[in-house]
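Please find the structures below.
Consider the two complexes below, in which subunit A is the common component and subunit B and subunit C are the respective partners.
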Partner chain A sequence: MTTTAPPAPVRSRPSSPGGRGPSGGVLNKRRGKVATVIMLVLAIAWLFPLLWALYNSFRDYSYTQTNGYLSFGGWTLANYENAWSRGNFGLHFKNSLLITVPAVALTLFLSSLVAFVLARFSYRFNLTLLGIFLAANLLPPQALLIPVFRMFREIPLPEFMSSSGTMLNSFWALILVNTAFQLGFCTFVLSNYMKTLPHEIYESAELDGASVWRQYWQLTMPLVRPALAALATLQVTWIYNEFFWATVLISRGDKYPVTSALNNLRGQFFSDTNLVAAGSILVALPVLVVFFVLQKQFVSGLTLGSTKG
Partner chain B sequence: MATRTARRQSRRVEKKRGARDRLVISLMIGVPTILVVWLVWLPAVASVALSFTKWNGFKFSSIQWVGTKNYVDIATIYPPFWPAIQHNLIWLVFLFVLPTILGVVLAVVLDREMWGSRFYQTAFYLPVVLSLALVGFIWQLFYSTDQGLINELFKGNVDWYGDPDVNLWAVLVATAWRHTGYIMLIYLAGLKGVDGSLREAAAVDGANEVKTFFNVIFPVMRPINMIVLVIVVIESLRAFDLVWIINKGRNGLELISALVSQNVIGEATRYGFGSALAVIMMVISSVFITIYLRIVFREDRR
Partner chain C sequence: MARPAPRDPRFASSLPASVRGVNRRTLLSGALGAGALFGAGSLAGCGSDDSPSTSGGGASAKAGNVKFGVNEAKGSGPAYERLQGMADAYAKKEGVQVSVNAVDHNTFQESITTYLQGSPDDVFTWFAGFRMSQFAEAGQIADLSDVWPIDGMSDAFKQASTASDGKQYFVPISYYPWAVFYRPSVFEKNGWTEPKTMDELNALMTDMQGKKITPFAFAAKDAWAPMGTFDILNMRLNGFDFHMQLTKGEQKWDSPEVKKVFETWKTLLPYHQENSLGRTWQEAATSMSKGECGMYLLGTFVVDGVPTEAQEDLDFFTFPALDSTIGADALDAPIDGFCVAEGAQDTEAGKAFIKWLGSAEAADAGNNAGSAPFIAANSGASTAKYGALQKKSVEVVQNAKNIAQFLDRDTNADLANTVVTVALQDFIKNPNDIDKVTSSIQQQAASILG
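Moving on to the complex of A and B:
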């Protein structure tokens, strides 16, 4: 995917007092067992590609060539050393970091501004505004490629901001484009979240004479921290995974972030499957760490858009 | 009701708001809006305008107005176009029939508390955190002609990514690996919002599970069902990463998104022509974006 997921609008309803544990469904024992077995088989099948990559990333190329991939043995760490140096991963990880962190910060900041106004005040243009942001989130980026590409080629940047001298081939381009595309989703989620805050807090803030900015920065932002954490997790993965813009707006090999650097690695790696395996694990590692450490945030980020108060 | 009165009060306060606060509010909306209009909406309009021109992308003075010629050419003398449309459609149907329905079924099964439910969920949405480009890389371990697992198991010699007869299907299977968990996650979230008493009532009435799902749960889930449909359409239209990483969208893997990119960063820069392709994408997607926004806003107003 492209890295965007549109939010889904469902309101969560309070579940009935009895809850709906196992009793909610009328799953009988025999069927329950069949379901468990099927699930187990499917789950293992789903984990297999990654496990297979992990397994082969630690195996020697010549060993697998002579014994076939279905063999066992030939352990080595050389694939990782090889992949790291030939793929120039140090540089590409740094590039990814320099793009992802500012882009996520900017996205969350700008979307929280809009979300706050949408949730706090009821202007007539609220729906239109949300529509402008949300639709932008869903447009296929390829449809906008030509004007964006041409425009960025035209915009000069001083040497210290971009060694290419233009927006094209600069991290600034990727930061801004990613931000523009992710704003819709974040605005939607955040404004729904902010709408659940009790309105009374703003009334007392008004009485105290707090300015709009203070109501936003000192009152609202601390209260929406859980939503921000969830969105940050999600956005880090999405922007790290972003492939299209980084492929088309960057043409210098040394400027690619990790995901689009895969483009260049393909030719060097595809003749050696073990190297592909090691490279894949290296690229997957940051998002897998995020996934396992912040799984709760990740899932709630995706589902935040789908539940309202 | 309570919130409505509160809102009205806040609007009354609104009038008293000072000039500084009003400036802050307009900046809060203005800056993000300018960014989105600049990088999304202006380019969208420009794509439409450029689609009626011929331009190699260099001097602005060399832009020539050609009317609908680009669209006629695309439909008549541009060989990859119809295969691309066909592939995008296959993509859509495949995504819908296999991974989407599987994802929904998984969500329905995992929605009840079963042994190991969390483990299964983790397994299914693990691929969701990976980029599709990386998915293409990982599946090379299965698809490689001489080093891939599939050929080794079946003693075959198929070039799964290269052979135009099979590569689309190979790519679709890899996509499905990621797509299933994504749909499962969205549907699971939707199911959590279904009122439990509905289920209980159905159970009391003696309806079995399948009946309960189709007669009770599925209709209640209508907004989510529509959202899933829209997501599938948009995802299949946007599909790009996988085919680009494999062969830049040629030789059996033509997709509209890849054709647009080929016309800009490929050997020939044909901006007018590429824009016409982009506009075709935009028109198709805008239908579904409209459906999507209508659902979201209807839910919003309720």
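Moving on to the complex of A and C:
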């Protein structure tokens, strides 16, 4: 968990002005120790609640009720079974999948199109456009709650797309809203990344007679794959974790994504905290899996863009 | 929709209920849209003014496919089972389709505004009192005065279903009282009896403290929980009418009457569990069930918070009179029930359904389907499935002259949930600064209630 600075290359002291050598060793031994301790403390502070939830998710509620949460024992797997069946997680995981995958794909596709144009061509309004995308990104989504809600209420959808007849209560609404709110960030990252691609490639492509579409699809897209992978990881996490819009735009219990459905485990008055802990672990798992699987892309993708620019 | 509901049966029953529900809903969803559209068109053409108020025949003539919004998640326990049971019984009886939209209780309540303005179901579960009245004034729920009177519903229930314009907008199904709970075995062991007067209660509390038992379990982490104490003290000290006027903004929160409530509460606080701000009601209920605390003022849902072996060993009494001129005949007993959404696709089918929901037959259908019963509002409903606590609840509520709905249902939701909750927690933190607490509520109440 704690990624400490490697002690070996530290010896070459960075005393010279601006001495951040390519080896990256800016920490001497003592500083390295301090950094390790700080990171350890922070890591524990962050991990403790998660581990505590994990620990208690394997314990029986009536056991912890009588013995307190500081006790040891009462092991059971029933919380997970109950959480899965009571929370109806099978259905809600499917809902989350149906929202997240199209939303991420659409976001990446649209933002790469914009980013390509912004990075590749120089129009007078390029910077303004990028500015607008960024500015919109700073707007808190909550501020747009009422306009979006009213707008979606007025947009009719055919019966086969939404049983309510409007955008409300349909996955389309959630896919669109999530796409819209993530576009700004993705465009920003991708356009910066695309700007780092050598211009000569495009010149030779042009000489070979490649159309703009071909330059985008067959030249740029393969080259920005690390950035796309990094963004995909982030976007899956963010959209999957999105809770706010789902509860606002959807009022049918069987259409909630899994994050909103976690509330199914709480009763009106009574809530079995161990059961909720088990449910939360289940809900958090996909994000963790995506993150660990794509971790390499994630780091390399983001840092590549930053250092080259 | 709280009720004595044993925890274990709830889990055991969750699987079949949810499986049944999934199949039903996916099967129905396609057919339903078309049916509802036809139904709405033809019925609207007939004109909606002729009322089916007199006979069940009239209502059944208009029965149609109906969408039913339910504030309990699918498979979440007895409360869901009862609502689903009622929906199934109606569907079978009338040969119509009832499509149940089950959303968990808290989410349903928090998103009620967008729900009603978006695409609400025809009939949905809701609460009596100001919370209902608020939507009636906003024109978001349908006038049900042609559904009333309902056989077996007393005047008190009709009153609770009436909004400020004098019309009914609500049909009750069940209720649960707030009272002082205790374990009879603990009382017996110590030779205690239920206190009938404040003097007896004082003596009891002193005796408990002498035996190293905290008299009252108390929790304020769930911010609504202390409202129960405020309600009962206000009703005992200033009377039911004053309490209701206060909730409607006709009396001032910084009046000497309200200050007296807090003064009295302050003298009682030493008899309550300390550090209540960090304790949930479930933890408080646990400490009562363990015998660390003698009593706990809470709704009957306290049963859910105690271990199974203690569930059989629970009894309650109503809070004794503090002022003999006012007596002890008022209590909190929140009523749950149903409304018809104004923006619904088929209001007429909704009305037919809601009229049936008010009947004793519906209550019985619900109680037969649930693994634990509710206390039916309809006096004709069978009490065969009631446990001892529920039988006593019926008696207590029937003997009560006035019934309040609980502070957060009796007043504006914003005032209750954002102002009063914080103020009560401040008071518990620092019981000496009553003036500041009351004047802060009054200031904000004036701006919220207008």
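Simple rule for what comes next: the second predicted complex is superposed on the first by the 246 of 309 C-alpha atoms of A that agree within 3 Å, B and C clash if a C-alpha of one lies under 4 Å from a C-alpha of the other, contacts with A are read in each partner's own complex, and residues count from 1 in each chain.
Methods note: a residue touches a chain if its C-beta (ideal position, glycine included) is under 8 Å from a C-beta of that chain, and two chains touch if they have at least 3 such contacts.
Please read these numbers as outputs of a predicted model, since none were measured by experiment.
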*Based on the superposed arrangement, let me know which partner A:L139 touches: subunit B (first), subunit C (second), both, or neither?*
first
_Tell me the contact category for A:V248 with respect to subunit B and subunit C: first, second, both or neither._
both
*Looking at the overlay, what does A:L168 touch: subunit B (first), subunit C (second), both, or neither?*
second
*Does subunit B (first) or subunit C (second) touch A:L91, or do both, or does neither?*
second
_Which chain, subunit B or subunit C, ends up touching more residues of subunit A in the combined arrangement?_
B
*Given the touch rule stated above, what does A:L40 touch, subunit B (first), subunit C (second), both, or neither?*
first
*Which of the two partners, first being subunit B and second being subunit C, lies in contact with A:S260: first, second, both, or neither?*
both
*For A:L197, decide between first (touching subunit B), second (touching subunit C), both and neither.*
neither
*asked:* Quick check for you: in the superposed arrangement, does A:E159 touch first (subunit B), second (subunit C), both or neither?
replied: second
_Once chain A of both complexes is superposed, is A:L219 in touch with subunit B (first), subunit C (second), both, or neither?_
neither
*Report, in rising order, the residues of subunit A that make contact with subunit B in one complex and with subunit C in the other.*
149, 247-248, 251, 260, 263, 266, 270, 272
*What residues of subunit A sit close enough to touch subunit C in their complex?*
61-62, 65-66, 78, 82, 85-88, 91, 149, 153, 159, 163-166, 168-169, 247-248, 251-254, 256, 260-261, 263-264, 266-272
*Residues on subunit B engaged by subunit A in the complex (per definition of touch)*: 3, 6-7, 9-11, 13-14, 17, 20-21, 24-25, 28-29, 31-33, 35-44, 46-47, 50, 57, 106, 109-110, 112-116, 119-120, 122-127, 129-134, 137-142, 144, 147-149, 152-153, 177-178, 180-182, 185-186, 188-190, 192-197, 199-200, 203, 208-209, 212, 223-224, 227-228, 230-231, 234-235, 237-238, 240-241, 244-245, 256-257, 260-261, 263-265, 271, 274-275, 278-279, 281-282, 285-286, 288-289, 292-293, 295-297, 299-300, 302
*Note which residues of subunit C are touching subunit A in the complex, please.*
1-2, 5, 7, 11, 14-15, 18, 22, 25, 29, 32-33, 69-77, 79, 101-107, 110-111, 114-115, 117-120, 281-282, 286, 290, 299, 301, 304-305, 307-308
*Using the touch definition up top, name the residues of subunit A that touch subunit B in the complex.*
1-3, 5-16, 18-22, 24-27, 32, 35-36, 39-40, 42-44, 46-47, 49-50, 52-53, 56, 64, 68-70, 110-111, 113-114, 116-117, 120-122, 127, 129-136, 138-151, 176-177, 179-181, 183-184, 187-188, 199-200, 202-203, 206, 211-213, 216, 237, 240-244, 247-248, 251, 259-260, 262-263, 266, 270, 272-273, 276-277, 279-280, 283-284, 287-288, 290-291, 295, 298-299, 302-303, 306-307
